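Below is the structure I would like to discuss, written out as structure tokens.
The letters A, B, C, D, E and F name the chains in turn, as written, and every chain counts its residues from 1.
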Amino acid sequence: MRILVVNSNTTPSVTDRIGAAARAVASSGTEITAVSAPFGLPLIVTRADWLAAGPATLAALAQHRGRYDAAVIACFGDPGLDAAKELLDVPVLGISEAAFHAASMLGRRFGVVSFTAALRPMFEECLAHHGLASRCAGFRMGPAFSGDPGTVAEDRLDLLAALCAESAEQDGAECIILAGGPLAGVAPLLQPRVAVPLVDGTQAAVRLAEAMAGLMPRHPRAHRARTLTGFAPEVAGLYGA
Amino acid sequence: MRILVVNSNTTPSVTDRIGAAARAVASSGTEITAVSAPFGLPLIVTRADWLAAGPATLAALAQHRGRYDAAVIACFGDPGLDAAKELLDVPVLGISEAAFHAASMLGRRFGVVSFTAALRPMFEECLAHHGLASRCAGFRMGPAFSGDPGTVAEDRLDLLAALCAESAEQDGAECIILAGGPLAGVAPLLQPRVAVPLVDGTQAAVRLAEAMAGLMPRHPRAHRARTLTGFAPEVAGLYGA
Amino acid sequence: MRILVVNSNTTPSVTDRIGAAARAVASSGTEITAVSAPFGLPLIVTRADWLAAGPATLAALAQHRGRYDAAVIACFGDPGLDAAKELLDVPVLGISEAAFHAASMLGRRFGVVSFTAALRPMFEECLAHHGLASRCAGFRMGPAFSGDPGTVAEDRLDLLAALCAESAEQDGAECIILAGGPLAGVAPLLQPRVAVPLVDGTQAAVRLAEAMAGLMPRHPRAHRARTLTGFAPEVAGLYGA
Amino acid sequence: MRILVVNSNTTPSVTDRIGAAARAVASSGTEITAVSAPFGLPLIVTRADWLAAGPATLAALAQHRGRYDAAVIACFGDPGLDAAKELLDVPVLGISEAAFHAASMLGRRFGVVSFTAALRPMFEECLAHHGLASRCAGFRMGPAFSGDPGTVAEDRLDLLAALCAESAEQDGAECIILAGGPLAGVAPLLQPRVAVPLVDGTQAAVRLAEAMAGLMPRHPRAHRARTLTGFAPEVAGLYGA
Amino acid sequence: MRILVVNSNTTPSVTDRIGAAARAVASSGTEITAVSAPFGLPLIVTRADWLAAGPATLAALAQHRGRYDAAVIACFGDPGLDAAKELLDVPVLGISEAAFHAASMLGRRFGVVSFTAALRPMFEECLAHHGLASRCAGFRMGPAFSGDPGTVAEDRLDLLAALCAESAEQDGAECIILAGGPLAGVAPLLQPRVAVPLVDGTQAAVRLAEAMAGLMPRHPRAHRARTLTGFAPEVAGLYGA
Amino acid sequence: MRILVVNSNTTPSVTDRIGAAARAVASSGTEITAVSAPFGLPLIVTRADWLAAGPATLAALAQHRGRYDAAVIACFGDPGLDAAKELLDVPVLGISEAAFHAASMLGRRFGVVSFTAALRPMFEECLAHHGLASRCAGFRMGPAFSGDPGTVAEDRLDLLAALCAESAEQDGAECIILAGGPLAGVAPLLQPRVAVPLVDGTQAAVRLAEAMAGLMPRHPRAHRARTLTGFAPEVAGLYGA
């Protein structure tokens, strides 16, 4: 099975990190290809960023079309996900979508932990969009943050461990989602210090994409062809056929 | 006061229709400018279409920047709305957003009527996104439709009147939103045959945009400048400053 | 346009304060008349108070009938609002209703700030009644309060500024409603110290009433005449025709 | 135990009917006093009617103050209920409140049946207010009705039986509330034709009022005395002490 | 009237305590029989415990079948309740169900107080199952606890009083449920120190069971007989006829 | 990987059918063992049945303990699921849980189709329990049914196709769950006649169980050992260590 993992931003080091996390849990017969968005923004933070990241993510999906059996959109917030599900004939999963569903199957109540409260509105909207808010035991977030996102996971590791403990003990979380791009891959580091299972969105998405691809083989979508102007040819191509 | 009304699709006849509806309710001191999206799709129907219509709508907002005191996104589904609210320093309203809020202020329960059930999922998602689902008395939609959207309002006028009657009598609707682009401007035609007030999204948006512009004068947004690649310069300009 | 603003309590100094706030945002062609309830209570705090304030508010609306194009009920909790919408042939808005809708159009998530936690249950019920609870990022309220409501806004200005900061930073509020009668008119004083827009219910209601009056011209209501005994003649008059 | 049953409208024949239904289920030691509202309206149908019925119901409760251990507000929609709970030192129950709670304790899902769809909005609002909407399997209501409310129960008995069958078989209702004043007392007549238990609001309220009076003996309320003007002295008396 | 009160665990001292609390509020003509589960677990804490306590509770109900007019399942979480309602021809109430309904009839907003946060997930699930979450003003729970559940009520009495004060003052609770088996019977001790009414689940259940038994006399259930293997004969007997 | 599939009833022919469906989608390296509940009921229909099926399902899980890497509870309604998740150190999934999650990942809105309305309450409760009700576009169910569950899928195939068409066209379902034991394995037969993807719960559960087992390797559970009496030794064993 071939899985395309799209980093919705344009930063190659993040793409590498995501690819490594994906490969660590993929089944033996699964081949992972991790790519960056071909254009857009180096970091996705606001709702305006999500909007711009949507076509950029579709462009990556279009460029590799026909060369994967399932795809993962590896950006918390799942930019372009609903459109991709409509336009493509293979399963496409977002990493926040995957984190919420996997966590719900692991226990009745999941917590969400991240390093800064600034991300909470985005996470709450994303959770509401996927419909699983009633399964969430609560959010535990760190204070405002203005440092390097590339090292925040390590810099705030003790804080994250403390937030996880609060989530489990105070909120009754039975598993915990480590949310937000900068925390990708930090779960193995943190797990020994936390009493309940930790969920990494990218890894959940890869396993669930394998599951869905086996369940729902390639099938034509009802999309009707239309002429889209003003976007990269590969994006227009998705709408055109 | 100057209000920019953006038709999120590229069809000029629709833009003309929207502009006329807007001018019919604008206050005497208000100047309406109605423009089409500079690129994108001739008709917005699916979630994938919404995604493409977002940057196209932002492009129109960017091209006229500085020349309006409030803006209206005149496409049911409100493409680009959340991003526009973040990026611009004047009030921006969507026509479905405006229809839901205006209808809620007219009565406790509003109905939603449209000519085909195919639009119901989109309307329900949009209603849920704006948070007013509990105020909705129910949807009444016509059967599948494959004719000309440009004349469906007139072709199905009797059906619409019957659906409105069901909405008021069976569902207890105290006012009714005529939803979907092809029904823009049909409210005055239909109102004499309907016992409860009808709400037209474009007209609601124009009046509410006037209200909000008076309430919340131009103010700087907290958006931090970033370099956006792969989009039209005017869109990149919105992110850049 | 003529707008009647009804203070649902019997305290003239509050009526003056409300009238001034209303005039500050009214359009140039709008004439504001602010009146007190002709009977009832000097202050509206409990659910029992709301009940008594309902007929008192209707009485004020009835006394001035025919001399306004829209009305505002200027008491947090909107006493008599649902009945007034049924009985009158012009738009009637409540100030909490208006605050919730205006805040929802300004941003995805609004905070609610007030000077004492004792008001929280009332605000939560009112918010739930209007159906916009999912748009609320949270409440931030001061401690118990037993001082003078007439000066609490000034006395607790620093506290209010701190609560607003928490609402924006911790809860992710993108705009903030200053809730409760005693805070009417304090927004301009506080705005320079707060990073997100502040919403004053009275002012929101005036602008939205202007909008609705333009959208929905005077129209007969379906109310059937009935004989009401035991109430002031002007209230009975509303039911009688 | 003494229970006061207040008919919130001014029609004595309805009061008699309610009193008889109440006595039929009261415990042997319970004395039922049924009274009409001393003023107000002969029939309560709209939201405006609910508002007027509130002070009228309080007046009845005040006139008999000190001569009952619990009270029942016998009008679907429970006018004045929240205020009465605040102002009185004995349990006060509404018949719709009681019907919803009793039905929830009889089975997981209750249906609501009534003779005309025109009442549905009121019932839905009342159900939402009491918070038990998730327990409701659905509404089954007859067509528009313009006959005599005093005989509609008997006139539409076959229709009611058919609606109850649909509620049980199609909606999965495990018990059914016969809702609306004109159906008071019709449950025993209808029960032999219905496979699931029928709930009469007045009777549920009497039994639950007995329960609550035993559980929560007379206790002082936190209400602070205030001067209320413009209402009957007995109502003002409730606020005054 | 005869009421069977089933302690779903196997600890006789708990059964005695429950029986005493029940008798303290029962009507003069009511006879209380309190029994332990005939098998199962000495303490019910987890979801797995609830599952095991279900058949054990049914067994107790079956052993005494025909000798009671209503039954109470006296274990927070109400194990076996839904099945018992289906299988028995008399009313069966759970103590958490009863607490939630009684509290809702006492005031608009109830608080939930208990001695340790570890019980919160269970209480929240139980509250959601009964559908009354919107009536809950919030939870106030003590810290982790590893002492003797038999004396925790007395050991943590000051803490409980403080939590009740927070619930009333910060959360606006108008009455408070003391939740969890170990707090059964502690309400009278605590009530003098708390400004709002306290609700004890067992006592609420006894009074409400009396009410329901009078409302809904013994009636055949639609259950169809089936052969159940692998359970105690008395449980199989419930399914068999 | 080894997956144990437990049929929660005692009917071997159903177990065979489930096993075949499971094997049809399992990955090449996965070994499926399908077993019946060792005791209990031949068919699970009511809430009382669910209660009895819980310990029976746990008994099957306990008998094979240590010989599987993940387990599936193959009975709509997921009896014993929450307890099994607590007691076992490998992932356990229910087939309704799996159907809801898989359908949510396939599209924004899923429909639920089954052959008789009698099952609707159970399905709705199960859907609410898993928290995904907002993703459901609606239920389409056949009329009352008293025939042979073993052949109903074939007998009502035309009806099912018609219900699926209504779900897609009227309700806007983007994929459809065929719900209820008797429809297990009918999806391949029906898919050619339905325009949107069909989801079979057993097959979804097998693929998702593979995914979760890879994501969350065997880990100790926090369960504390307790002595359980009155149940089969293998069930008691789960509680004991």
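Please note the rule applied: a contact is a pair of C-beta atoms (placed from the backbone, for glycine too) under 8 Å apart; a residue touches a chain by one contact, two chains touch by 3 or more.
From a predicted model like this one, the values you see are computed outputs, not experimental measurements.
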>> So if I look at the partners of subunit A and the partners of subunit D, which chains show up in both lists?
In response: B, C, E, F
>> So if I look at the partners of subunit D and the partners of subunit E, which chains show up in both lists?
In response: C, F
>> For the identical-sequence pair subunit E and subunit F, what's the CA-based rotation angle in degrees, nearest 5?
In response: 180
>> For subunit A versus subunit F, which are copies of one sequence, does the interface use mostly the same residue numbers on each side, meaning over half shared, or is it different?
In response: same
>> Please tell me whether D-F or B-C has the greater number of C-beta pairs in contact.
In response: B-C
>> Using Cα averages as centroids, what's the distance between subunit A and subunit C in whole Å?
In response: 43
> Roughly how far is subunit A from subunit B, going centre to centre by Cα mean, in whole Å?
Replying inline: 31
> For subunit D, which residues are shared contacts with two or more other chains?
Replying inline: 47, 82, 85, 108, 134
> Which chains touch which?
Replying inline: A-B, A-C, A-E, A-F, B-C, B-D, B-F, C-D, C-E, D-E, D-F, E-F
> Where on subunit F does subunit B make contact in their complex?
Replying inline: 108-109, 134, 137, 169-172, 174
> Okay, in this complex, where on subunit E does subunit A touch?
Replying inline: 47, 117-118, 120-121, 124-125, 128, 144
> Inside the complex, what are the residues of subunit D that reach subunit E?
Replying inline: 25, 27-29, 82, 85, 91, 93, 97-98, 101-102, 104-108, 130-135, 195, 197, 199, 203-204, 207-208, 210-212, 214-216, 219, 222
>> Taking the touch rule as given, give the residues of subunit E at its contact with subunit F in the complex, in rising order.
In response: 10, 38-43, 46-52, 54-56, 58-59, 80, 82-83, 85-87, 223, 226-232, 235, 238-239
